[in-house]
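First chain written, first letter: the chains are A, B, C and D, and each begins at residue 1.
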Amino acid sequence: MLTHALFGGLLFGLYFTLVGLGLNLIFGVMRIVNLAHGDFLMLGAFAAYWLFTLFGLHPLVAAVAVLVVFVLVGLPIYYLIVPRLLVSRDSEMLSIILFFGLSQIIEALASIFFGTTERSIPGRVLGTGPVRILGQSVPSAWAFGAAVSAVAVILVYLYLYRTRLGTLTRAVMVSRDEALATGIDVHRVSAIAFGIGIALAGIAGVFEPFMLGSVTPAIGGDITIAAFAVIVVGTLGNPLGTVLGGIVYGVSLLLMQTYLSSWANLLPNLLLIGVLLIRPEGLLGRQVRRA
Amino acid sequence: MRRTVGRRGTGDLLIALVVTAIMAALPFGYSNELLLFNFVTFLALSQGLNVLYGFTGYLPFGYVGFFGAGAYGFALTVMHLNWPPLAAMAAAGVAALILAAILTPLLRLSGAYFAIASLAAAQSVYEIVANPALEDVTKGPYGVSLSGVFAPMFSYQVGVAVLLFSLVVVVWLRNSRFGLALQAIREDTVSAAMAGVSVVRGRTIAWLLSALIAGLVGGVYAWHISVFYPDTAFNIQFSIFATVFVLFGGATTLIGPILGVVILYGVYNTIGITVPQYFQLIYGVLIVALVLFLPNGLVSLATRRGIRVP
Amino acid sequence: MTGDLLTASGIEAGYGKVQVLWGAGVAVNERESVVLLGPNGAGKTTFLKVLLGLMPAWRGAVRFAGDDITRMRTDHRVRRGLAYMSEIGVFTGLSIEENLRIGGQFVERATLRARTEELYGIFPALAERKSALAGALSGGQRKMLGIAKALAAGPRLLVMDEPSAGLSPLFVSQVIEVLGRFRESGLALLIAEQNVAFLDLADRVFTLEAGRVGFEGTVEALHADDALHRAYFGLEGS
Amino acid sequence: MLRRALLGLVALVPLALARPVLAAEAPSEIKIGHLHAGSGPYASISMPVYLGLKLWVDQTNASGGAFVKAFNKKIPLKLISYDDQSSTATAATLYNQLITQDKVDLLVADSGSVLTSVAVPIAREHKQFLFDPTGTGATFFQNNPYIALLADPVSTIWPKYIADFLKDDGVKAGIKKVALLYSTNDFTGTQATALRGFLKTPDSGLEIVYDQGVPTNTSSYTVLINNIAAADPDAVIALGYTGNDIAFLRNLQDSGNKFRFLFAIYPGIETDELVKNVGPQGLDGVFTYVTSAAIAYKPEVGPTEAEFRKMFEKANAGSGVAYGFNAIAGYTTALVLQETLAHADSLSQADLRKAVFGLSGKLKTLDGTFELDEHGAQIGEITPLGQVHPEGKGVKITVVYPHDLATGKPVFGKP
């Protein structure tokens, strides 16, 4: 049971890395808290549901479609709200409220257009029954989710560290003011990062019906909290730190579910508070305390 | 100078008394007193949130945690100790104060982190209260029934008293040196500290006062509805509504939150009942528009023109 | 007056309702080196930010190389050859190599490579640790990297905000020496400073006091004016 | 709303005075107050009840209204149904709204115990008789004259046949160890408690090796299934709502674990919803409750199950709400309302109650015999135990217990 919890937690945690990755990228580049993150994820899940139901599209194909569409949708959303937000007095604080409003809008529209019943995609799409990896039997969806997450992490790494735009993106993450002064088109860089962040949420959403059972328009809020726990435990503003956060989250969640299952839901909240109070700077340091 | 403050204070107090009197009288003419009670709940709750957010700048997303603590403080003393409702109301306030004292370290966190950590704290309290392992103590997820003390009219009027208390606290903060000091801290922590204002003490007092109000509101809410579940008492909707009401009307003022509740909760009860999704949509659009175009709330339409709003 | 490279005139700007600049201006000619002298709080940084488009000008105009750039975005100004080195000057979280690459973001790949090699030649200390984080460098080395980063763009005019800030006198003279070499090779400079040591570099001097231009002329003329001489060189003594 | 409140101040006084004078005249419509959950965890059991009720209202009005004995004529119906979004706080306000503002003649609770629970004290306080379609919490009926449960048996007797079957056929087939997994809410929590009582008799030959309550919003059961498997039970009884059953059965299929006996509540209640989400293979061999959706009772009032199904699906095509037992429960509730109006001497709450209790044992609908105990709890039909077998793209449910009703033999999984 222990090895299963550890190994399952690793895979489950890798999926939660993907859940938090986009949120952390957006926070890192724009220093805004996208409370609608979970709702974009929900839209990704619905996209996968409809693409499968109407056209029989495999989730992997759906993931690629979601990537393209969400990046394209993210750009105008960015230009509509973020530049205006960033010039305000306390943009980090106001971003919480604003994106909360956006989250309400998305949830309401999803309820109106998709209805509020639970939707799920037949599990056999990703192979029925468990797969055996290293002597452990795990649901095939978990292996899939973890693999897709690993690919996404590698792609984000390559983007940030191996492309010209990625270098500029990291420059904005280090200092927005210095980036502006150096003549970087900060809005272009940020808009693309915003699009990618939302697309990552969407891709995580494509696999949500398999990892968490089903999708309704209301799942966004809880997922945003979980994603936040993951990135706080990793390192706020450092997308690759999300890997660490996700694994810590997944393993401890599965350990709790195995040995103290009725208390498992307490975990993400305690992790979040604990890390914020004890080690708020994560691994790459950023002042978050005042007074 | 002192005299103007004094005169303004009297004016503010008058508004508080009028609002209280209206809410106390309404159930004699309108019989869905539970709906009126919800208005009382949100009027008091948003003033409680105003105490913290309006005067210190801390936005507690998990404000409902104190509300829930109050509701369960009330319910547990009634169920296990057979306390009379008014004594249990005191227990509700104390429960919220204890929780606030435990969570005081959260005040070390800055804006966004504080908001989210407080939400996580409220969720944690919920998970503990709702845990089946504690069924013997809290009734766990199966909820609480307090039919023995059910008294709709009496508890309604106690709710109005709690509302009056919350209004008076805000009037006091707006018209006292302490309240001004708090606002100085919010605007510029460093200078305020240099000017001899005790930053930590000031914030802690606002935090406890704010929690106390939520706890009392939670206690009287538990009493009034008498049957409830942990997810009723810890419903994040309470935090959300209170926050939106305060932001919409305008924080740091007395009438801002009142306007917010009367207008938005009024709209909620007309549209929200029949088509909740459309209401949620309108809410979301309002919030986004507010942050982008009117970040200081409705009252800023007047304050911008130099008019003092109570 | 006007300069054939950069002319800013009648600039008014500020933060919120607080006005900082009250009709400030400056002029720089090709291959000319100008020092903008002024005490703390005179509005030097604000003025430079307006020149670069990092803050909007409420009134007045900025012309660069014959075009009105008053409303142009910063990145477009940089593309046209107006480089800026802020007080921080570098991206501390990125490597030396990456800092130079970002400085030369608009430059064609091959040209950038050649220019980077040239800069490494001038700054051997940077060449030794190409992949080190800029944040790990000493204060003096950081300034050198800041200059190299700004020059990677191949600018016609380099605008600098207090290059002496936070440096010991030894490093200040090193920075002045390096800048002197670039001036020789024909780069135009606009340096905002309160450290009069930089006057060694200056062809002309502007002084900024409380958001307005006070004196404008050669270094010799500045020395000739008793009051100004006392105001600035007296500062150095105290 | 506030404006309405203020207007109410003025308007209510003359209205209150006018009321008794008008009482003898027939009202222009009969107001039926109801709540439904358009979203949230209870939507899947609430919407079918609502649509079943609504179908009856539409049909009745199309034929000129319901016959009301008190006025000896047909009177049109008006259904006022608000959306409580599965929130008990919202529901409480709305029940109050229905009683005090809309002044409904008949008050029908939302589906399920949780959303019914808040209606119970409010109805009692206002002395309004509560028509309770499916709220089965046992506490509702303790010395409360203002309620009757219409369509579901009270939860404490639901699991009786599971226990009897395991003690009888199960033990013979070698089943000894039982695992119990339940969602912690009134409906399934009460059943778990009852089941524990039924199973723990001294000579039952059964042992509970795993007993775990989980929150009703649990959506991932993978780890729990692994924990259950580690306890090595022969029989697994999973008590949850529709969403729980879907997630549990899907996760079970994905995990590859198999048990000799597996019980879940909703395959036999919301069969279509489960087939749609889990697939026939995932339901293969699952034991479940058999409701009127799978047993053809002979109705004396209203349509047969097959006829009703056709009507329901025609009326609600494209609504996304699947046909199932809760639709029947909604329609059964409606038939009780119809018969109550046809038998009550007046529309006073006391006479309504008398009429409802008068129907007990006499009314036979598509849901079987309607019978109340003296507290108002439904005891008409105990749900038999059935087993699901895939059949083409759908499933077939056979009754396996009690033996006198059985339509097939139970099939146990391989050990």
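Basically, a contact is a pair of C-beta atoms (placed from the backbone, for glycine too) under 8 Å apart; a residue touches a chain by one contact, two chains touch by 3 or more.
Everything quoted here is computed from the prediction, not taken from an experiment.
Touching subunit B and subunit C at once are the following chains: A. Chain centres here are C-alpha means, and the one lying farthest from subunit B is C. Closest to the protein's overall CA centre, chain by chain, comes A.
Centre to centre, using the average C-alpha position, subunit C and subunit D are separated by 77 Å. Centre-to-centre, using mean CA coordinates, subunit A is 42 Å away from subunit C. One inter-chain figure worth recording: subunit B and subunit D are separated by 37 Å, centre to centre, where each centre is the mean of the chain's CA atoms.
Among all residues of subunit A, those that touch two or more other chains are 111, 262, 265. Residue positions 38-39, 213, 215 of subunit D are each in touch with at least two other chains.
In subunit C, no residue reaches two or more other chains under the touch definition.
Interchain contacts give a graph that is no line, ring or star and is not complete, per the touch definition above. Every pair of chains in contact is given here: A-B, A-C, A-D, B-D. Subunit B makes touch with subunit D in their complex at residues 26, 28-36, 38-39, 130, 132, 140-143, 145, 147, 150, 152, 225-229, 231-232, 235, 237, 262, 265-266, 269-270, 273-277.
The touching residues of subunit D, counted against subunit B in their complex, run 1-6, 8-10, 12, 38-39, 82-83, 85, 87-89, 92-94, 96-97, 100-101, 114, 117-118, 120-122, 125, 139, 184-186, 189, 213, 215-216. Of all residues in subunit C, only 52, 54, 73-75, 77-79, 83-84, 86, 88-94, 98, 101-103, 105-106, 149, 153 touch subunit A in the complex they form.
Those residues of subunit A that touch subunit D in the shared complex are 1, 4-5, 8, 111, 115-118, 120, 122-124, 128-130, 137, 139-142, 211-214, 216-218, 254, 257-258, 261-262, 265.
Looking at the complex, you find that subunit A touches subunit C at residues 164, 167-168, 170-171, 173-175, 177-185.
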